Every structure is written in structure tokens, then in C-alpha cells.
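Each chain carries a letter (A, B and C) given by its place in the written order, and its residues are counted from 1.
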Amino acid sequence: MAEGIGGKVKGGSNPLYSRSLLSIKELDRPKIDLILREAEAMHKIFETGRKLSLLKDKAMATLFYEPSTRTKLTFQRAMIALGGDEIGDPSMDTSSAAKGENLADTARVVSSFSDVIVLRHYDNGAAEIASRFSAVPVINAGNGSGEHPTQALLDLLTIKNEKRRIEGMKVAIVGDLRYGRAVHSLAYTLGMFDNDLVFIAPEELQLPKEICDYLELNGRNVERTGSLDNALDADVVYIPRIQKERFMDPKEYNRFLGMYRIDRNFMKRANPEIIVMSHGPRLDEISPEIDDLNNMVFFKQVKYGVAVRMAVLNMILGKRMLSK
Amino acid sequence: MAEGIGGKVKGGSNPLYSRSLLSIKELDRPKIDLILREAEAMHKIFETGRKLSLLKDKAMATLFYEPSTRTKLTFQRAMIALGGDEIGDPSMDTSSAAKGENLADTARVVSSFSDVIVLRHYDNGAAEIASRFSAVPVINAGNGSGEHPTQALLDLLTIKNEKRRIEGMKVAIVGDLRYGRAVHSLAYTLGMFDNDLVFIAPEELQLPKEICDYLELNGRNVERTGSLDNALDADVVYIPRIQKERFMDPKEYNRFLGMYRIDRNFMKRANPEIIVMSHGPRLDEISPEIDDLNNMVFFKQVKYGVAVRMAVLNMILGKRMLSK
Amino acid sequence: MAEGIGGKVKGGSNPLYSRSLLSIKELDRPKIDLILREAEAMHKIFETGRKLSLLKDKAMATLFYEPSTRTKLTFQRAMIALGGDEIGDPSMDTSSAAKGENLADTARVVSSFSDVIVLRHYDNGAAEIASRFSAVPVINAGNGSGEHPTQALLDLLTIKNEKRRIEGMKVAIVGDLRYGRAVHSLAYTLGMFDNDLVFIAPEELQLPKEICDYLELNGRNVERTGSLDNALDADVVYIPRIQKERFMDPKEYNRFLGMYRIDRNFMKRANPEIIVMSHGPRLDEISPEIDDLNNMVFFKQVKYGVAVRMAVLNMILGKRMLSK
């Protein structure tokens, strides 16, 4: 059974090797620095358009119990770019699952003929269960309203590359901070770096208290507010869509939709160096008016996502890292 | 952003290189001749059963918002035969699309980590929109009741190979000429070659007037009629299925179903050299009685489809063409 | 058109070469011995984690009209491990099929650009029809309540490897013996080897009489009983899930669910050398209490499944076998 990530990084060691990646909380600062360094090396290779053969004998199994386009496609793309192969059942929701198989058995079975499992599941406990029963490492690609660690890493890589630094900034995160799993992973990660954090949401969708406590315990300045104007002087504004599928009550969803919106007017008043980020499909929280601004880095994020996933896959499965 | 096809073919130039293929109307006669020549070279290679490595570093993204078996499988097969890779989300209709993402964003995002997008969409304007926002070339693999240019090219390649010529013939096209996108693309293409054209359909499903006008403007003899007997002396009879999904009213659909049918009796009375073609799944418009006749080339068309798609993919993405 | 398997094995001949595999009944004892030998060679290679390139120019088309996770994934995995490629339309039930195409046409068309078709279909006659119209070999991966020959072969390989013999044993098969296609294939196969067979099921779900007759005709001791206690002294107990989708009446299904169950109590009373096998997703017919016992070989079976599918694919498509 695969273990979570625990060891310390020192010397030439690779902290992800043969390990699952379930939560960003498993990673400390030196490990994240190492992953980002490897991802930057991958990014450079990917830009050349050449395929590597680092994982040429490896097979990644993608088990997606929820729909996904960009996460699934970028994991596929990353595996191909490393020379590896993908196997996947596109209809997990109607196959074994439909025949009543539990996730523990599926993980155990699939892990007997694949080298890594990439799992997206509607249930918060899914990644933990899968990794407990899998004979190979599991990468959590989203578990219910829980975490999505490679998304947090790609957000970080985007900031690092677009701002040329990763500390000493003001980062504003806007929208559904209660249910958004990518936001939770990102907030934990940002807590490791010396940034001021502003969380902008209506009271009902604010960041869970335990994450706030964790951030303050780590010495971060944290502000919780309801007004988007608090993002005007930020270096980074992060505004994911409100995820309809996380709400029990559609009325609650509709009430929040459209409450915050980054548009030309916001950008005129904002710090000229601000960058605008998001993660999922964009609804109307970012106006298409600003799509062609250099500050709008949303469309670049997914490419950093390929690089991060290449780095993570290679660190988990490969014999050597590119960056050393 | 990728441009449509515009330049002239001369010398060693490749008119498809780095360009989108949205409509057959973008191609003039010399360009089509060139593509067919390249497709014939690909066909010969494919028949040997050997894989090429012309596109070994390239990834094709297939975005299919409508069901498809033969178009999707032949694009996959073509990309594999060229040594390239495919990435695809099999459930576009329930993924990002379901989360509310617009096609412009999806095209922009997916194009940031793939080399070409093959798009099938239920909306007539989709291919145009995708190509406007994509950073890589887009191949239109069917847009609503619009066009399906690689289908027209494979029809042409079939005629050229099975009849050993491409001009000076009588070609009859039968069935739903109003909604059928493959028929529209084929009619435009045939207009570039000196053939007599007979369009056989009930008045309500006849070819749109603007396509007729275009053909006559190009000097073609065009006949519109309701009787299948006008196809008896043709060199080619093309009879696609009536596409249920294009009709708003199921009663209208049922009225036309089974109106025309190529069977043994038709074949006995017809020109002995006639070839029978179609494109989609066959319902009852071609009787299985004639499946084993040499004239029935329907089953060969899909293999020419692989060759045409190999040619188009390689011309768009590759460094060199096979045919020169 | 591809033929069924008929020829005798002698000298260096490969009885599967260029042939379809529709039913385990096409295979006699020497052929099965040969396939198992090849599968054991494949198993050893697969355990090393290295990819072969035996099928590097070959493309397998997977046509699955019914959901499947492990069968589809293991066929994919097997093809990749042999260096080959897969093409597949993940939504066969909503694509050409939905447009009304019959299986004969689909098989004919898809076989024109692929090297082998792997078919799962809800209809018992499907594999036979597909192979009649396909230009390439067809592997039956489950046809309705009919057969699933590679499943029977992997069951056999599991027994051979886990028990170190394949004859002189008592094998108990428990559960839905009437509708279970894997059970039918397995029963036929076991009939070729000198084992005593106990079939445990309620009367309504007992093994069809013609299979019993066939087994007795082949000189096997066959017992039909309703009590699981008859499996206590067996060397192998095989207990597949009750397949809901095979029952017309849900009430009938519910009545049988949970009737037989292998749990710790059973294992305490049973032959200490007994091994526990199954095939599909496990519901509650095997208690998770016994998952970590060495006797519980259910989780190993799927890996033998990859080896068997590698052997079968390579014998059908390849130029040379590993085992000679």
C-alpha cells in the first residue's frame, strides 16, 4: 500500500518518489520549492515541443468519477509529453461503479496493472481510501469539496513565473471560499510563503475557520471581507467560478452568482501590476473585456498545469529528475 | 490565433501548413489536387501496415460535442499512423460544457497545450468561433448542419481511386440535401470539377438555392429532380442517410425515411459502371443485398477517410509532405 | 472475413494467428496449454515493468456497447505493454449505434482501419455477427449472457499459478450459474481438465443442462447442489457476483442477493489450501474480512488477465510468440 508524503528533503532525495499526493498539506516549503523547480524545467522542455521518454514504460490510470476537461486533458498531455501511456475508463460513473463496486476494490484492482492512479471523485474521503488500498501511488485530482493539490501547485507556479517572486505580496482570493477545493489547497500553500492574504466573500461563503487559524498560526496577515475593493491594491487576484455542483440548494447558488466580477472598470482602478487568476471554467466572474490584457494570466495557467503535472508524475514514477 | 486557408499553391508550398481547415470553400482546385495527391501517398503507406513518425511529438485534441464513431475513430487512427498522440475528453457534453464554459474559452485553453484541435459541434458557428480563439489550427469535423470538409475530401478521393478520374462524369446525390452537412461540402467541392450534377430529393429537402447558384456560376450542369431514376445513368450515386437529429419535427423525418433506396433492382437497371457511395451510418437507403457488389464502395470510403485525415494532419502539422 | 479457430496445434503452429476468438469452445486442450504457456511468459515480462514492441504497428479497436472497467482497462493495458495502440469510441451506445447503424456495418467499417476488434455487447449473437462481417479478427469480450473466453483463460491461468497444477482438484462454482457468461466459459474450459466440479446455486440459477451434459460426456464428476458447505473441501471456490443486469425482474434479483457469502467463518471451516476467486466487481459475496488472506486470490486475477490478453493479442496479431 502506498504511503503519504512524509520524509524530509535533504541532499539529492526526491520527496515524492513512489508516494501518493493526496493533500497539499503533506508538502512543506522545501518540498514545494523542489517541485516548482522541477516544474520550471519541465515547462521549458514542453515549450520546445519535444517529447521526453522518462516514463516510457509507465502507465497512468485515470479514474474520474466526476466530469473534468482541463484536469483530465492536462494529465493526459503531461503523461504523453513524458513518453508514458494512459489507460482510462471514460465512464466510471456507469461502469464498475454502476455495478456496485466500492472504490477500495477498484483502486486495489486497477493498481495491480498500472503505475499511478489519478483520481477525481465526488466524495471527500475518496482519495484517502483509494491510496489506502492501492498498491501504487495515488494523485488526488479533486475530492468533493476537499483538495486538489496539483491545482494549488500550478497556481503557485503561475505566480512565481508571472510575478517573478513568490513572497512579499498581497494576494486576494475572491468568491466561494467555503466549498471551493482548489481554494482550500491554495490557501494552505500560500500559508507557507510570506504573503498577506485577503479573503473576499459573503459571510456564508467565507473561508472555513480552521484554514484561517492555520494561516494565522503560521504568521500570515489574514483579512476577511465582503468587498471586492479590498483586492484593488493586491499583486494577485484569484477569482474562481462559483461551483454549482457544490451547493445543495440552487437558490443559494443563484444568489451568489455574479456577486463579484473582474472587469475593465476594476482593472482601471487596480494596481497596474495585478495579475488575474482563476481555475475552472470561467462563467461571468471575469469579463471577456479583459481577456487580452497582459494581466489576465488565466489562460496561461493551464499550460503551467501541464508542467506541474509532468513534474509530479516524473517525481513519483521516474528514475531521475530534470532539475538536478 | 490561427488563420483560415488563403494563400496560393505554388512551387513547394504547402497551403495547409499551420492553418485551420473550416470549410471546403477555403480550398481551390490546385489545393485540393495537392491534398488528394498527399492522401494517395498516405493511403499506400497505410496499406503496408507500417506506422510513420512524422508527427511523433505532436498531440491532437479531439473535442466532440456530438456523438461520432467513424469520424472520431479515423482521426485517432490517422494520428496514430503518423506517430502522434491524441488527447480527448470523451464527455465534452457533460464536462466543461456542462459547467457552463463557452467554446471560445475551451478552444483557447485546450490550444495552449495541444498542436491541433479536431472539433465536432452541434452549432453551425462553432468551428469559426473555435478557430478565432484557438492558438493552434482547428479542423472542422462537422458543425451543425454546416460543413465537414475532410468528409468531402474523402468522398473525392474515393471517386478518384474507384473511377480513376475525377471529371467528365455524371454524379447523382440523393436524399436530404437540405440539412446534410457532408452533402453541402461535397456539392461545393464537385463544383470545382467538370461534372454534371443531379440532385435527387423531395422539394422540401432539395439543395439550398445558394449552393445551386454557386455551381451554375461555376459552369456546371445542375439538375434538380424528385425521381431516383435520374440516377440510373450516373457514374456515381451518393446516398447518405436521412439525419434524424437535423429535423425539428419527427413527423417530417418519418415522412422522408425510406423514400429512396438503392437495391438490387436499381443496380440491375443502372449503368454497370456506377459506384454507390454514402457517408454516415447506413439505415435502409442502401439495401444489404448489394453489399458484396464491386460497385458498392461505401465500405471502402472510411479507409480513404483515414488517408485523407493523415494527409490533412500532416500537412497542417508536419515538417514535410510525403508526395514531393 | 475472419474465420473461427479450427486448426490443430502441431509443430511451431500458432492456433490463434489471424483468427477470431469468440468462444472458449473453439479451443481444445493443446491450444489452451499453449495460450497459458504464452501468458506465463507475458506475465513474467509484465512483472519487470518493461514494454515490448511486438505489436508496435498494430491498432486494436475496442467496441464496448456495455459498461466495463476491468476488461476494457486490461485490454488497453495489454495492448500498450505490447507496444501497440488502441482506438475506441467511449460512447458506442450513443454514437453510430444511436444513429441506428447495425453491428454488421460497424464491424465491417471499423475493421477496415484496425487490426483487431475487441467487442463487448449486450446481445448474445453479437460476437458471431461481428466476426462474420469484420475483415480482421474479433475477440469476444462478453456477449450478453453468452461467453467471455479471455475471462475463462485468466481464471485458468490464476488456478495454474496459484495452485501449481490444473488437474486433480475439486472446484466449486457458486452463485448465478444460469446467466453468468464468465461461468459458462469457465465450466466449458474446466471440462477439458480432469477436475471434480461442484455447482452451487438455487435451483432457478443452476447451470444450464446442456453444459452439465457436456461436462459429463467429457468424463467429469459433476455435482449440483444448493448448499455452500459443499465447497468447504474444495481446492478452488469461484463465486462471481450476481449480475443484476441479466435479470428481467428486479424482485428475482433481490431474492438471490446475499444468499451465498464467503467470510471468515467459511474460511475457518474450509480446506486451508482453498483459494477464493471471482471475476467482476465484488458486491457482498466475498466478505472484506478475508481480503488479506493469502487464499483470497481475487485481487491477483486481474493481473493474470493482463497477461492472458497480452498472449491472445500477440498470438492473433504478432509475428512470433514469446514462449517458443
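Note that a contact is a pair of C-beta atoms (placed from the backbone, for glycine too) under 8 Å apart; a residue touches a chain by one contact, two chains touch by 3 or more.
Not measured: the values here are computed from a predicted model.
Trainee: Which contact partners do subunit A and subunit B have in common?
Mentor: Intersection of subunit A and subunit B contact lists gives C.
Trainee: Over half shared or under half: which fits the residue numbers at the contact of copies subunit B and subunit C, same or different?
Mentor: Different, since under half the interface numbering is common to both chains.
Trainee: Turning subunit A onto subunit C with a C-alpha fit: angle in degrees, nearest 5?
Mentor: Superposing the C-alpha atoms of subunit A on subunit C needs a rotation of 120 degrees.
Trainee: Please compute the C-alpha centroid of subunit B, do the same for subunit C, then give the distance between them in whole Å.
Mentor: Each chain reduced to its C-alpha mean, subunit B and subunit C end up 40 Å apart.
Trainee: For subunit A, jot down the residues that touch at least 2 other chains.
Mentor: Only 90-91 qualify.
Trainee: Which residues of subunit B touch subunit C once you look at their complex with the stated criterion?
Mentor: 46, 49-51, 67-70, 72-74, 76-77, 80, 90-91, 241, 243-245, 280-283, 288, 299-300, 302-303, 306
Trainee: Help me check something: in the complex, which residues belonging to subunit C touch subunit B?
Mentor: Against subunit B, subunit C makes touches at 56-59, 61, 85, 87-92, 94-101, 104-106, 108-110, 112-115.
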